[in-house]
Amino acid sequence: MVSVGILGASGYTALELAKLLVRHPHVKITALTSRQEDARAIGEVHPQLNGRISLSVENLPIPEVARRCQCVFGCLPHAASAEAVRELLTHGTRIIDLSADYRLGDPETYRRWYEHAHPDPDRLGSTPYGLPEWFGPEIAAAQLVANPGCYPTSAILPLAPLLRDGWIDAEDIIIDSKSGVSGAGRTPKLTTHFPECNESVSAYAVGKHRHTPEIERILGMIAGRHVAVIFTPHLIPMDRGILTTTYSRPIRTFQESDILQMLRDFYSGQPFIRVVDHFPATKDTAHTNFCDITARIVRGRVVTISCIDNLIKGASGAAVQNMNVMFGYDQRLGLS
Amino acid sequence: MVSVGILGASGYTALELAKLLVRHPHVKITALTSRQEDARAIGEVHPQLNGRISLSVENLPIPEVARRCQCVFGCLPHAASAEAVRELLTHGTRIIDLSADYRLGDPETYRRWYEHAHPDPDRLGSTPYGLPEWFGPEIAAAQLVANPGCYPTSAILPLAPLLRDGWIDAEDIIIDSKSGVSGAGRTPKLTTHFPECNESVSAYAVGKHRHTPEIERILGMIAGRHVAVIFTPHLIPMDRGILTTTYSRPIRTFQESDILQMLRDFYSGQPFIRVVDHFPATKDTAHTNFCDITARIVRGRVVTISCIDNLIKGASGAAVQNMNVMFGYDQRLGLS
Amino acid sequence: MVSVGILGASGYTALELAKLLVRHPHVKITALTSRQEDARAIGEVHPQLNGRISLSVENLPIPEVARRCQCVFGCLPHAASAEAVRELLTHGTRIIDLSADYRLGDPETYRRWYEHAHPDPDRLGSTPYGLPEWFGPEIAAAQLVANPGCYPTSAILPLAPLLRDGWIDAEDIIIDSKSGVSGAGRTPKLTTHFPECNESVSAYAVGKHRHTPEIERILGMIAGRHVAVIFTPHLIPMDRGILTTTYSRPIRTFQESDILQMLRDFYSGQPFIRVVDHFPATKDTAHTNFCDITARIVRGRVVTISCIDNLIKGASGAAVQNMNVMFGYDQRLGLS
Amino acid sequence: MVSVGILGASGYTALELAKLLVRHPHVKITALTSRQEDARAIGEVHPQLNGRISLSVENLPIPEVARRCQCVFGCLPHAASAEAVRELLTHGTRIIDLSADYRLGDPETYRRWYEHAHPDPDRLGSTPYGLPEWFGPEIAAAQLVANPGCYPTSAILPLAPLLRDGWIDAEDIIIDSKSGVSGAGRTPKLTTHFPECNESVSAYAVGKHRHTPEIERILGMIAGRHVAVIFTPHLIPMDRGILTTTYSRPIRTFQESDILQMLRDFYSGQPFIRVVDHFPATKDTAHTNFCDITARIVRGRVVTISCIDNLIKGASGAAVQNMNVMFGYDQRLGLS
């Protein structure tokens, strides 16, 4: 049994995490923290959790969190997260950080994309990236794991095998992603006000989204060379789900069946990757930790289509999967 | 040609109004006001209006509005609206007030439901209610018209004929309404944040919604006696539309066909009321000024079902219809 | 460990059932049948089940189903279901029938509402109704259980305590329900074609819905007297969820707090009923087996608001809950 | 005044067309045809048209259509459309064909993509393409106009200026489109059944969509050279709207401002093209004939984002615009 806590329990990733953790046979939730919601029952903050968890949300000091929990999930905003993580680590707590703070490789890149100095710069570059399909052994051994971003997960999983084996040009990759609105978080704003974004699609942060350097860094590590991508996120009128379409240039002529077979071989032992022949829909993966992937050759280009639930495989499900790996459980525990 | 202005041009009713007015053959928009959006092009405030209206939104003083406009549409919040209306009236401007300020009959009721003193109490009770199907002559002669609320429009139109002719018990009426989210306005809040209200239905303000006294007052005027209703609004995950289901007790035995024929006779000359045999859907009336109505007898009760577009017949379309009546045009002008 | 099968595996209730059953610690799925989909992998019929269940759908004869399964869930259309159930019962199999076939009390009522003769008339009236909150002991002892309809579940749970204790008039009850589109099943038709029902609300089958006699029979059994309801279902543009608003007449004066306390007391030991003070939203119960209930007094009437996930507590979750009761497990198993 | 008819009045494009035509000041609708819906009032076929058009849908022979109408809008399925068009042309009627039948350049390409022989092969290649922003003079003089496809309109408008002036590589173009569900037509099928496609995104017909040769042909005519595109359509859970993101390679270095200025200059006299600085949303163009376009340079590639209402600028609005051009009216008539 692992005692776990969630830092920043009022958002959507924390809500999904809590729903998964109550179902996990070897987990006991012992702390839920929030600065704004101190002393409210979690069932009041998230009516979906009413009657499922009896804890209250508390504004707890870090040492108390460390005292209560063997494993902590960080759902704080970036920067605030690294502050908490740094302190927690001194207590020996194991941490899965769902913020973006430990995903990049160096403080300069972080500063350029997140527009402030990193509070814990020395750990950038050495913290394992929590994609168990690629970094299982590092995750198993880690005290701190950087849980991947939602868009990066959807883009890295189909592209990584092709890049690792050098099947595609590493500097001519287009990533066109479509995401549900929960990815924008729980703070109301005009762009996520129902009558504004319902029945509408739009692109945003074109060429400037913070997940760009994360995608490039991880794919670069896997490829063993510099990777450059054009990344365009789009907002879709649905709660959850990301569908990512990528376009890349093969370095020699492949058949569609070659690509599909290669992806199948790569992911054959991985319980959450489903390489399929049909075109997957985000709904096929909704409320699950699966990533569905297919590929086509169109006019000589490789087109991949992949989808995940942005709140599960793109955040909280991956976090539970990481915890399972860190604590030696079957990856699938609590995620069926 | 009528020169018109809109006070409070940044909300959804103003947007819909502007879209209708640019299409109206005898209207010229000469003023668009807003306190927060001063000097921005209207196409920036509402991208849908880009290239359709070249005016800017201005923070104009009332006398300047009066100088520019023969007719003003008030889209301000309640209380603020009555302040502006009172001053505009002194300049001789004709006004259609889309706020709730002039819909009720007396200052005490207003204070009880809106929780502040009315800024212009003497006009309560004497201002015509802008439902041309029932108050056409008063509207035609008026300088100021109180444009009806969206829920009241959807409830009054089916019930009024039955009450005027005394076919149903005036004190045993249940009104169960279902509204799209645009009815909640354009200010972002958690309840209208997409991932909260999408894929969900809920009731709100049960027994306490401010449209209750408006419904009772107008139905009471038409019935010539005291009317009491139970009114329950529900929030539906769609942009626009209201469907209202009412349950009332007939004072003697009627056939379904009697009720339908009676409604048809009442509204036979009215271009925007469609009494239908089938169950209407809000989509049938979306983006139009129509109200679709049907009725059934179920276990001895009269059940009516009516629907409108809350932003058109429930707000801006009705306002244009009122303007047409006030200025002697065909009611349908600009509304086809 | 219980070996279970699903008859009619291609619809939405079967899909939800399968998702719940794979998570259940004491269940092994051993048969999935379908006439149209013979020999297809279940992951092809329902891409969501890909990689979660390795069985194929088969067009199996009933004796083979009986041979493989201790417990069978019937997800066939009405009439077809009773044919299968009758034969299965002769083999000693325990059955939870999700069709409407065994919910009514007598063959005449069935014929009037379902427009054909009942294939197994003798069991009407004696088959336990699978609402464990009310009929737990009968369910525990039964070989066959009639799983409740979705609308009835949402309406019976709030009204039953009030009727059992005689707090409300049993013949003056209005039930106004709002349901997501999955309730209409998986067969495409114009009314559930996306561009028709999206962004729209409508009523249907007013006064004629087949769940009316089911609601009246069960409430009548609980009240110990004749119950008459007016039931109006509405179609809401969302996948899943039912919100039911009821209006009834108290037989004496109650406070809101009396009603809420009474409901809390009644359901205090029931893990899936949450009596709440706020207005619940269907999303609070989505993907769960909970039923959220609140109540208000408005102008002397009792107004209850309740919501469920129509596919879970309104169908497949209730079926698993019934199986747990029948096989002596904790009601919550597989439903957390 | 132009007398107009619609062939195939039961679908969504016919519905939108009828709504536009009733508003057009110089149009009189004189014929609405359908094979399946003979003799039904149009308001029964499309409840939205109830009370707006009093005509009935009729199964009319072509000579009678020609007798009644100066201008006919063809909303029939491909192949059936060319049969009707060929006969109508012999009567001297002017026709705007909304099917795909006259959009391609030669019968072989048509046969390859539409999988049957073209019924009127000689007119392929010589029929003007109804995009008035590019082919105004040809349209004005034509008896028959091929109304563009929805995806092609959204892709051609942003790319055409760049290709005509040779700013981008004509054989390295990626077009990633996102469309609402109405684009799939009004015939119910599983993929457009609400609970299947709601809350989900998916790609379809990747590399095989029939709009591919149409896009390539028209862009090729404008570029004066061979154009090759990769085109990926996606289905989005909304009624209407297409957002198209394109990725192309500039032949030399441009600034973002160069591209935007160039697009603005090209379309400066065009009332329905809005080149904007912000990222447009499909909702900005919903229910209008506008196409909103913006562009960015990302890592040396040109990224354009454009959106339209697939039923208006992508079908019926463009058809009315074409009629205006053919009959010498202001392009905007009936489209404000």
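A, B, C and D label the chains in the order they appear, each numbered from 1.
The rule is simple: contacts are C-beta pairs under 8 Å (C-beta built on N, C-alpha and C of every residue); 3 or more make two chains touch, one makes a residue touch a chain.
Not measured: the values here are computed from a predicted model.
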Chain at maximum distance from chain A, centres defined as averaged CA atoms: B
Counterpart interface for B-D, drawn from A-C, A-D or A-B and sharing over half of its contact pairs: A-C
Distance between chain centroids, defined by C-alpha means - chain A, chain C (Å): 36
Centre distance in Å when chain C and chain D are each reduced to the mean of their C-alpha atoms: 46
Whole-Å gap between the CA centroids of chain B and chain C: 39
Multi-partner residues of chain D (at least 2 other chains): 180, 196-199, 237-240, 280-281, 283, 286
Residues of chain A touching chain B in the complex: 12, 180-182, 186, 188-190, 192-199, 237-240
Residues of chain B that touch chain C when the two form their complex: 174, 176, 178, 180, 196-204, 206-207, 228-230, 232, 234, 236-241, 243, 245, 247, 279-283, 286, 296-299, 301, 303, 305, 307
Contact footprint of chain B on chain D as seen in their complex: 22-23, 47-48, 50-52, 199, 271, 274, 276, 278, 280-281, 283-288, 290, 292, 336
